[in-house]
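Chain IDs A, B, C and D follow the sequence of writing; residue 1 opens each chain.
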Amino acid sequence: MNLTDEQKADIAALRATPAQTLRATSEGMERHLYEPKPVLDHGFVRVIDYMGDDTAITQAARVSYGRGTKSVSNDEGLIRYLMRHWHSTPFEMCELKLHVKLPVFVARQWIRHRTANVNEYSARYSILDREFYIPAQDSLAAQSTTNNQGRGDTLQGAEAERVLNYLRDDAMRAYDHYEEMISTEGQQGLARELARMNLPANIYTQWYWKVDLHNLLHFLRLRADSHAQYEIRVYADAICEMVKDWVPFAYRAFEDYRMGGENLSAAALDCIKRMLAGEDVTQETSGMSKGEWREFQAMLD
Amino acid sequence: MNLTDEQKADIAALRATPAQTLRATSEGMERHLYEPKPVLDHGFVRVIDYMGDDTAITQAARVSYGRGTKSVSNDEGLIRYLMRHWHSTPFEMCELKLHVKLPVFVARQWIRHRTANVNEYSARYSILDREFYIPAQDSLAAQSTTNNQGRGDTLQGAEAERVLNYLRDDAMRAYDHYEEMISTEGQQGLARELARMNLPANIYTQWYWKVDLHNLLHFLRLRADSHAQYEIRVYADAICEMVKDWVPFAYRAFEDYRMGGENLSAAALDCIKRMLAGEDVTQETSGMSKGEWREFQAMLD
Amino acid sequence: MNLTDEQKADIAALRATPAQTLRATSEGMERHLYEPKPVLDHGFVRVIDYMGDDTAITQAARVSYGRGTKSVSNDEGLIRYLMRHWHSTPFEMCELKLHVKLPVFVARQWIRHRTANVNEYSARYSILDREFYIPAQDSLAAQSTTNNQGRGDTLQGAEAERVLNYLRDDAMRAYDHYEEMISTEGQQGLARELARMNLPANIYTQWYWKVDLHNLLHFLRLRADSHAQYEIRVYADAICEMVKDWVPFAYRAFEDYRMGGENLSAAALDCIKRMLAGEDVTQETSGMSKGEWREFQAMLD
Amino acid sequence: MNLTDEQKADIAALRATPAQTLRATSEGMERHLYEPKPVLDHGFVRVIDYMGDDTAITQAARVSYGRGTKSVSNDEGLIRYLMRHWHSTPFEMCELKLHVKLPVFVARQWIRHRTANVNEYSARYSILDREFYIPAQDSLAAQSTTNNQGRGDTLQGAEAERVLNYLRDDAMRAYDHYEEMISTEGQQGLARELARMNLPANIYTQWYWKVDLHNLLHFLRLRADSHAQYEIRVYADAICEMVKDWVPFAYRAFEDYRMGGENLSAAALDCIKRMLAGEDVTQETSGMSKGEWREFQAMLD
């Protein structure tokens, strides 16, 4: 992650000018404000703004005049109750605004989460920088042989090298031609909105992304999950670290009831009851398909 | 608007405990925080939290590292440009959280705006207060004779008195019975979730309502409009006063391009061109229906 | 449920005029079209239109040129896989449009589901009918003594009678006054948008409600649940019957993975593993609060 | 646009198997069903399904039991009234499902419209085809010299040829390397989710896109506009042709009140009044900035 001196100065200026406010304030989050947290080779996530804290959740759940309860343990208990029983609206009362720099193919997955506000850097209007995601050697994985939508072993030796060379060289050449096409020296210069089409999906873009806590946790549950593509998971992991400092009660409940939890089907619940009653349940007697049974076994491992 | 002493103390406590923050802060909005602004006979609107200010809009439009531009005039110019050209996403980067006390029939209109977060006081869980909206004499209007969805003249004399008596007496009796039905003295006591069905639509409810600035301005354009029902318009008007202090550039642009503006149809635009060229256009030659022509004439008045 | 002769004739006319279409068609749903299914004392649900069927789900999941797969068992297997792994977007490719007549206090819960399209009968514009929900004797329940948000035993004898009398008499009186206030005989006549405020929350309203299958199933999971208020649950139950005939594969998967399933927290999963390994886990050693432990025990019963 | 024989057979099969339905049916739209309408060099739009017709709009606006009014002219008049007064919910009662093949850089603009349902062909799971958008000679435009976000003149001669060669050669080379990297012949084979990052933004993707009529018209207003990028505008134009045949009344109202209409600011309205009263208004006396005045003049041309 390379910031220009001007960008560093902008960030330092923002961190150097505190103001007084009467709003709910999260000390844990104030420490993160504006600081870019590096992700992948050139990307980052940084907090631009936040609204609310743990007590903002209980305050809304109670539609109260003051700030939550007097008692901290009551607040955590209520937050856990709300999370457990899928009362999601109080979590929507907190809001987070991030500035993210990320490869285009990651951005394309990310944007599928529709309940959020987005302002992306415009390649119709502006010129993109020469920055591309080139995987580190150890995240250069083969296609999974068991899962059409997953990765297998790490690529080795000459094959790994060949891949990295292709990714690097093709990106550089595409960018050279991009620059050449939009240049107005001695020629008309192609429109930016057209020239950008030559750039590969590992080029970096940036956006401001704003989302409420309920929808953010839903995003994190899917994208910090082990089945998510590595390149978006590292962004989700970085955001998890921030959320933990921002709303520690809500984050702990999220870990217990969502990230660390599981969904049981009717058949799976029935099997567990029978197993607890001493029955030796097999796939054949489980009422589950082979795929479901495999997932069920993995859950109990 | 009657607050209990405890509620007043809660509000005073919140206003007495400023904190330091690195976030964008709006001085104009800090003055409004937590203070209930009275609306109708028992209602209010108060700001619970806000995110962003005018520069947060330009900052997002530019996906910038620092806070907007150095130049205030540039910021206002850009905001006006964005508003004029319906670039709505930068306005979504500001967020407002309100606590509103309002009659149920107003709440039913309000909730039709779906892009917002809501936590309403639960009459399944809690007991509602004995507070009903009784219109002031001068907002007690007859049905419009020209518009099925509007009001005509103010009711006079005995009729007005009769209406007020009905509204008052029916509300009081309904509440007496509500209380009696849920009472557990000497009886089982009806479930709250059932007893509430006896209460009329002028009873007050409350909610926390959180919305981004773009959707808020859309709400205000429809609800602060002269065609909106008076009882929701006064809430919209109260919120306008807050928004004006919060994001003065955006609010001014909103007044110029939305509230004070008009939508021209293709036919209306054609008529204006012909009129400017000296033609004497009539409804018959306008290409508009009678209703459209009437609205067109009213616009040019 | 009382329909006028004109309404019956309208419905009969719609059912008597089939047309040819090239669209995906669900025979099971065609049988439901337009027919009102009675709910509560005066309410109903009826299907106005639908888009898609089970194969529309797999067709979208595969972004295919034809209609799903050739093989029915493949289609069901894929639908179950999608449901199990929370791949929700293919379910959004089916859409349902309902006409619902329901009490206002039920409508107020229902509308909290924001991802849907709604057109409600306007009491600003039109006059409401004299129809109120009066609970049947056996759904007249006392407040629960253990759950602030629930019902206990059925009300008995004189208390039940008193409650029914209040509900009936207050509704009739409120409606008499409503009619009297808007009457223009010998007086100006109060505006409808004001007069409606006198009407209690058990009056019936109606709306067109349109929603995609994913969001509909989410609605049904919450509202057909045993914790939902009885008066909205009967609507959800009626809709379940329709969905079962419309998209039988999706509905069966929904029953297995959502309605009949459970969410396990990290702590609950850990307890199950320990119990299966022979440990005698108690609340004290479970890592759960008393409330969680109670819910956990109930799940395993 | 090249379809395989299998794809052609799938489409023919769908068009050869009509079914009976009681649903509202649009003859104009039945003709479009399934047939791909070519857009750009390899793209298309085709209708997969639709819900509702013009009368479905008025039916919802009236919350009626039957199908709209008896009178066609009443239906059109009401639709025009609804459009003119921004009563958008009845238009949400119609729904359209499209299958679109489009370049990735167009898909990235398109997806910004969030109120829609999307299933995109997955390049994590599947292998993309070797199909790239290469602009026709006459849509190869230079960067606008007056508008940072627009196009100027068409590129000429050697420069045009150079650009086309770059676009073609870089795409082919990137695809060659993509194929080579994922190949498992004599090597492990890179995961698809990684290999796709080498592909430029002019590669074609496909998706199913489902949207209600209100949001579709909003999309068309922005994307069929002369300021939209040409490559998305041609898709919007193709959809306009379909909508015109599907809901002719709604489409005509859309043309009159939205596409052919204009938004007047308060200042612009004031200028028009003064001009109609005979005043010679200039930019200096208009109260508008130079940019606004220029746009105002263009509107009246």
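Miscellaneous remarks
What we mean here is this: contacts are C-beta pairs under 8 Å (C-beta built on N, C-alpha and C of every residue); 3 or more make two chains touch, one makes a residue touch a chain.
Please read these numbers as outputs of a predicted model, since none were measured by experiment.
The chain pair with the larger count of C-beta pairs in contact, out of A-B and B-D, is A-B. Mostly identical positions are employed by chain C and chain D in their mutual contact, as over half of the interface residue numbers are shared between these two copies.
Between chain B and chain D, the centres computed from C-alpha atoms are 33 Å apart.
Annotation: 34 Å between the Cα-based centres of chain A and chain B. Multi-chain contact residues of chain A, defined as those touching 2 or more other chains: 89, 112, 118. Arrangement of the chains shown, judged by which pairs touch: all-to-all, with no pair of chains left without contact.
Across the interface of their complex, chain D is touched by residues 103-105, 108, 111-112, 114-115, 118, 122, 124-126, 133, 135, 140-144, 148-153, 155-156, 159, 162-163, 166-167, 170-171, 173-174, 177, 180-182, 184, 187-194, 196-202, 229 of chain A. For chain C in complex with chain A, the residues that touch the partner chain are 77, 80-81, 84, 86, 89, 112, 222, 255-257, 259-269, 272-273, 275-276, 289, 291-292, 295, 299-300. If you check the complex, the residues on chain A that touch chain B are 3, 6-7, 10-11, 13-15, 17-25, 30, 33-34, 48-52, 56, 59-61, 63-67, 89-90, 92-93, 95, 97, 99, 117-121, 206-208, 210, 212.
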